[in-house]
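Structure below; questions to follow.
When the chains are written out, they are named A, B, C and D in that same order, and each has its own residue count from 1.
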Amino acid sequence: MKATRIQSFSDGVFAILITLLVLEFKLPEYQQGGLAQAVLAQWPTMLAYVVTYAYVGILWLFHHDLFDRVTRVTPRLNVLNLSSLFLTTLLSYSMSLLAKSLSAPDVPDVRFAVCAYDALALSISLSYLFIYRYLSRTSCLSASSGPSSGYSDRMRRYPPVSIGLYASSFVAAFASVYVSLAFLAAGIAYHGYAYWRSSD
Amino acid sequence: MKATRIQSFSDGVFAILITLLVLEFKLPEYQQGGLAQAVLAQWPTMLAYVVTYAYVGILWLFHHDLFDRVTRVTPRLNVLNLSSLFLTTLLSYSMSLLAKSLSAPDVPDVRFAVCAYDALALSISLSYLFIYRYLSRTSCLSASSGPSSGYSDRMRRYPPVSIGLYASSFVAAFASVYVSLAFLAAGIAYHGYAYWRSSD
Amino acid sequence: MKATRIQSFSDGVFAILITLLVLEFKLPEYQQGGLAQAVLAQWPTMLAYVVTYAYVGILWLFHHDLFDRVTRVTPRLNVLNLSSLFLTTLLSYSMSLLAKSLSAPDVPDVRFAVCAYDALALSISLSYLFIYRYLSRTSCLSASSGPSSGYSDRMRRYPPVSIGLYASSFVAAFASVYVSLAFLAAGIAYHGYAYWRSSD
Amino acid sequence: MKATRIQSFSDGVFAILITLLVLEFKLPEYQQGGLAQAVLAQWPTMLAYVVTYAYVGILWLFHHDLFDRVTRVTPRLNVLNLSSLFLTTLLSYSMSLLAKSLSAPDVPDVRFAVCAYDALALSISLSYLFIYRYLSRTSCLSASSGPSSGYSDRMRRYPPVSIGLYASSFVAAFASVYVSLAFLAAGIAYHGYAYWRSSD
């Protein structure tokens, strides 16, 4: 398989997923004359949608930059990549979970939803760590992106930070769901910052 | 990232969104023998679908023409483009809002739905203005489309007009929802006219 | 716009639509122990799905063959093509209409659903006729596919036949919905036959 | 039609299908405070989703490898391929069937759902056998993948094994649904093993 193929398949999955997310943002039930209030009461869904859209968008940019440097595709890389994409598709589920729990706020429910989102985000970061390690161990990366390049230095440094933020969010959920949500948002924002830096 | 990549990802999002819109056009509940009436009573949904399909189609043509002239992709351009696509995906929500409010017409509900659509359309026009400005300021456009070209002249002239039409629709909604809907339709039609002219 | 772009956007819409159709094929409600009967009772949905999938698949093959011969893309061609794709996306709605009316058979309801499907199929055939005429009038077709080629001869001959079959189905619906369904199936089968011949 | 076109259309269908599967994984109804239990009670859906995602992913890899070796596309190949993709899209339905029957376990219902999944998997394996046979009989494969190559040897050997496993699952369902599910999982796992070997 050529490297362009795995990339265009993955790009397709990202494009579809990012567009499908909006389908989870459904019209509310409302009393005649009460459409405005019903829509405004959906702010948790809107918030979860904005955050998840940004997250998937950044993952796409990261994925794209990484696979642009791939020179050889092996069966194992396909399996690693499909597993990573699988975890990414689950974001539409954990987004809905978070939105629903926030719209009828009950502390144990919100805690569960945030922890589920954290666990998923943490797994996605791990999947990129595994992909990156496999690529550098098997010399599937282009010469200029090899183990001693600036790109590789950054790729090794970023996942531990985001994993740390998601793990903190998971633990914090048992003390305060607000602190937990802040750590989750920080993890996603960190991806954005890391992409901004890494693509200089 | 190569310019062709951001374009094919965006094309994918447009193709998916334009096809997903039809999923909002659901079968009505009906009494046996009353299918025809039930379907015909769905005209507001059909109308909102036709208008929104046309709108997304024209946005795709505009986006495509613009990114065909892009010679360099920066992280900031990716962020601007993903933000613009995010607003565009929200059209499926505001389409449903408009369709639902028109099928059980209550003036405050229709007004809210039209204003939501206007605010979204206005934001989309603004996002193109920001993208265009960024591209011309950073010389990311091909030479023949640069700041002093006929293309750029047109690109600078169009967004203010459509923004004006959507703002008028927003304001008019507080006087008459019919006038407001007419301004909204005029804004979308203007995009079609502008595309037709700009691609000569 | 390059010809490959309009083709790959259209291919995307076809691929998405053909895959989305299956979403209309939903699990039935059932009593515990009665799953088999409930699923088998869904044969009208399965039938409508098979027929519509085949129809969209053939339309894609036709569209693809036609746009492979296009050498120049104009704004008007984009508008004609987006209109044709719009009608094609509506097939998922008329498929559901047909499936639902057949599962609780009431003659006026089935007649309405078949006539709606006919009207849509007829409009799609007309849209290809318009596209073909525009292409040959404006010399947007490659030399070997021009007005006097064997390809063009066939393209001129096919739409009138399929339009005739769909019109017959429409009229026949007022006498017998079975005869009407047979004409509709014949129209779709004719597309398959025509594609088979035209791509020799 | 060029070979790259049928491949990119098929890749599109696979990418869309694999992403749409997650839409079947819907939020559960739950009592306030009971979100965690409600989500954990969805394990059959999660299981069916994981298995089906893996299955579609492996089918994509197989399909991709096969069509990479295709040098000529005929109308008959298009029809065979569209038929195979049709069967593949049905996996989203049989996945839901399996998930739903497992969440309210009733032996006849689960048996029906497993047998439906088996019948579909068996048909998909058959469709690849037909495609492979057609390709080798008509010399549409590249020289290095021809009838006497190692690739062809493997392609001839694999489908009978998977067909045997799915047939065993079908028969076993009448004795024990657990044994039947094990055979089904073995069939899908065998595809993974076969891909791993064939792409060496």
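Throughout what follows, a residue touches a chain if its C-beta (ideal position, glycine included) is under 8 Å from a C-beta of that chain, and two chains touch if they have at least 3 such contacts.
As the structure is a computational prediction, the values presented were derived from the model and not from experiment.
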Cα superposition of subunit B on its sequence copy subunit C - rotation in ° rounded to nearest 5: 90
Centroid spacing, where centroids are CA-atom means, of subunit A and subunit B in whole angstrom: 27
Inter-chain centre distance, subunit A versus subunit C - centres from mean C-alpha coordinates, in Å: 38
Subunit B and subunit D, separation of their C-alpha mean positions in angstrom: 38
Residues of subunit D engaged with two or more neighbouring chains: 8, 12, 16, 20, 23
Graph class of chain-chain contacts, one of line, ring, star, complete, other: ring
Partner subunit B, residues of subunit C touching it in the complex: 1, 5, 8-9, 12-13, 16-17, 20, 23, 75, 78, 82, 85-86, 89-90, 92-93, 96-97, 100-101, 104, 106, 108-109, 112-113, 116
Touching residues on subunit A, where the partner in the complex is subunit B: 8, 11-12, 14-16, 18-23, 25, 27, 30, 32-36, 39, 50, 53-54, 57, 60-61, 64-65, 68, 195-196, 199-200
